[in-house]
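In the two complexes below, chain A is the common chain; its partner is chain B in one and chain C in the other.
Moving on, here comes the complex of A and B:
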């Protein structure tokens, strides 16, 4: 028997009220704030779309937008590849699986603030562990000022992000991997498939659902990044690691330019929603094809 | 008639007793601030002892949370009676919003040193009691200097000669950190103190009023002086190091001779490295034949809420803090350079070279504080691009000028 709409609404009402109060109302209020010259203290005059038109002539915004998209691509690629590799390895070594799963989840459970400080020390050009390790194994030529070189800073921060959450990706891939019917792999083996052929033709297509979930979650999280570049590089060197959330923080909280900062937040929201919708459509179509 | 007289007498006595009871009820002054010295409880206890009718409700919320907390309280109509803030930085916004009381008529205003008084004023009216300043200077490892038989340099020529000797002896002469823009921010201020503000104390006022601009020889000289020393520090390494912590740690470990830093770190360094012999000197960026100028960064300041219901008691508390004997305790406890005439706080011996320069009038204010508004963010952004993207001095300063004028127009 289907529940009457009014009854269903009555049951949903408390949750809807809380959601409206905590999410919908602040979002609408924020959107209105983006149409003002608010300084967060005593001024909020309506100025229409001036904040939005200002944005596209603002080189700090275009730099931050570019860095954010590049960062999301880097993190998604690294985290997906690493997560998948770890999942396949755990899938083939059942005796190691449980311990490895816990160990791999650990970086994601540490506060991003602590991770940022630890990795800043690892990347320290004078006394950091990474350069010391490279020198110790005869790869001294690869030592860099990782966070001080505009060519390497963004990727150095992205590596930390991918390291933190590759365990999560691995868990999602592993769950999908373990649900692949063994008969499919057995019949592929009978046909002579093994190693790369088995992976590319059998396992990878069947991992499509996990790929969709992983990449969508990773893209959303990477587009919203803040703590890692804030602690590790403060957006430098020379703006090379300034991402949108950092730019929003600088404008709104350091510069008391709340109206403009909120407009940047709206643009970030639209970017995330737009990219995720596109990504979901493409990946779900791929799932159906496979 | 007799009955009504009795009632009237009884009512009058009751009213008198109630008034007396109310008068004896202590008034509570709510104080919220971002920083206070370790001896603050003792100072507050003395205030309450001397003012039995006033109780203090004293709270500290350190940075960076303090900004969010005080903004919310002010905007929400729940302002503390006395509250702290960074010297000057939010003052202009709060004054325009009517949050802070004009304290110009307070007796202690006349005792302020000119620099702190200017920072605490808007249009000649004083709105803050500045609790003191930290000195910005170069920390020098005296043992490393002795190793190359060098004396503490007092001008730029001597400084370069000392750095050359140190480098030749295999000692890291100078370390700066540009990753967090800390070293570049304080170093540029110190360079400006020596190259511009000593000769032209009105230079900052001229910039703020629009009578001067940044893309000019003196300001290009400030940036150029920092870049010219790149023979003694590696720019790429500096871009990957934090000036606030990583550079300080190298100094603590005794691996570098000179770093730009602030006097607030002296006690921590002495605790962490008790065997390190060091001094804090005014940055020797001055020409030969002149003396170096120190730079002071005004610390926090204390304000009275314009909407306080216990304004008199609140003002009494601020006047108490400004009293010379109490202020000396405060400034000594917080290791601050004094903002009050005739009061010298007991500072560590290491700070003597800096303190002596300030005592004889060779001190100027940290640049973003002198300019006002949030000029620090665009200034550090410009410095970041200058060093990371190898901009010319003119390119960098022209870019900053635009952002500076936007900030001044707010």
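Moving on, here comes the complex of A and C:
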């Protein structure tokens, strides 16, 4: 279609201006800030890569990096396994499918802030529901100070994250599952496949697209987690749940160490981009092999 | 005996279809039970929100003896709830309108003009999808401050518009590409200006996708907490999430205030979800089938 350059540019102008001013300009500024000693008050001095080299000797950074990676792995494993199980379960029970899908989806609709407040209370050792429930069913030996124990705190937060979004994962797996042509499963059935064989040789390979989408989405959102540990543990106990975004927030907004804080955000960006590229390469190679 | 066996075998499939087999029954009961257990934290939240502090302390799992709706009135008035809901609705409405307008305007030439410069502009917008929030946040605060837009509604709305442009442009462009250009060409022949063509021909065709984008924007803005905390903090202009946060920060983790506030904070969005569940779930699952 004929559209003169002037006209096309006029259509694009408002979006280009708002986006360039409020996203691209600050982002470039952020990359520059990470090369300075800016603290928001004094004049920022260019210090090259000093903020980046400082990280290697900074034990709170290495702890945060380790916590973030462990957290992302925990969340992705739990959410994928639970989402897949639920999707197959729902897929085989058409009459319950829609109701269960909506119900399981609901926790993910509530804001992470509110979920975090509610679960900190559920985990509360004194008045919380979880310990009371465990005692009530005779598992009193399992009661714990869930968020106060460095051994359980990170897992406890990861469980909440997986609880919120396993319904999302299940919905994505289910959409993929329902798009598998029934003839494929019928012919496999005629060949005598059932149960585990059916899952392993037919369903699981055909669910490859949903597996890619799910794990990529889950890893990205788990690496960027902020509200859950911010409200539930403030990064404690003893740094056990301090993830990168929390460390960035502390450095930049509480410590006014803008330069170092933005350098950490750049590292988080590289981590996300790197992992996503790796995942899509591995998982899409798997899709293509089929 | 043999005859009976043959009879049983031949009638097998029909028998299956008509009557519940017990593995299916068991599996169904299992799924229902699992779903109920999965939603226990939600039931717990509602039940606890109606209890007295004493009941919560003595019997955390029990039901309230007489539901105390005063809990809600107290929380709502201390949180300045109605004001916060109005603020959030106002911000969401203007942000969604701005996003839809700017993104559809931009998507139109991006989809229709096949040239190197348009594909570069497209890439430039797509780049925004990868930038994590905090990289932008710190310098953005300084920028907004120098523009005198910190702690104003237009400031936060502009940030939401800018931040949501990449994904919406992405969405709208691929949709415009999928509709044939003949209608637009006809309207140009009829003497319409490009803007008229856009407004009367293109935009109406985009209605279903506009709904999807507006829905996702609403979900994300309602549940957002960090941006309004940083950019819109004065007590009168607080959004629901900021008011939940400041209210609960003030009263600590006192369950008698926490649970009613949690229900009040989530309820409007859960109602929204209840009515639009089909579209929301379809929107989120779409990626899986397209691959």
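One rule holds for everything that comes next: the second predicted complex is superposed on the first by the 266 of 290 C-alpha atoms of A that agree within 3 Å, B and C clash if a C-alpha of one lies under 4 Å from a C-alpha of the other, contacts with A are read in each partner's own complex, and residues count from 1 in each chain.
Simple rule for what comes next: contacts are C-beta pairs under 8 Å (C-beta built on N, C-alpha and C of every residue); 3 or more make two chains touch, one makes a residue touch a chain.
From a predicted model like this one, the values you see are computed outputs, not experimental measurements.
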Superposition-derived comparison: chain B or chain C, residues of chain A touched: C
Which superposed partner A:49 touches (first chain B, second chain C, both, neither): neither
Partner chain(s) touched by A:147 [first = chain B, second = chain C, both, neither]: first
First, second, both or neither for A:39, with chain B first and chain C second: first
Partner chain(s) touched by A:285 [first = chain B, second = chain C, both, neither]: neither
Chain B versus chain C as contact partner of A:124, first or second or both or neither: both
First (chain B), second (chain C), both or neither touched by A:250: first
Partner chain in contact with A:163 - chain B first, chain C second, else both or neither: second
First, second, both or neither for A:236, with chain B first and chain C second: first
Footprint overlap on chain A, comparing chain B with chain C: 40, 120, 124, 127
Chain A - residues contacting chain B, complex: 39-42, 60, 120, 123-127, 145-150, 233-240, 250, 253-256
Chain C to chain A touching residues, read off their complex: 24, 27-28, 30-32, 34-35, 38-39, 41-42, 44-45, 48, 56-57, 60-61, 101-103, 105-106, 108-110, 112-113, 118, 121, 124-125, 127-128, 130-140, 142-143, 158-159, 161-163, 165-166, 169, 181, 184-185, 188, 194, 198, 219, 222-226, 241, 244-245, 248, 253, 255, 258-259, 261-262, 265-266, 269-270, 273, 277, 280-281, 284-289, 291
Footprint of chain A on chain B - complex, ascending: 67, 71, 74-75, 93-94, 96-97, 178-181, 236-242, 246, 250, 374, 376-377, 381, 384-385, 387-389, 407, 410
Chain C-touching residues of chain A, taken from the complex the two chains share: 1-3, 7-9, 11-12, 14-16, 18-19, 21-27, 29-31, 33, 40, 86, 89-90, 92-93, 95-96, 100-107, 109-114, 117-122, 124, 127-129, 132-133, 136, 163, 168, 171-176, 179, 209-210, 212-214, 224, 226-227, 245, 248-249, 252, 258, 261-262, 265-266, 268-269, 272-273, 287
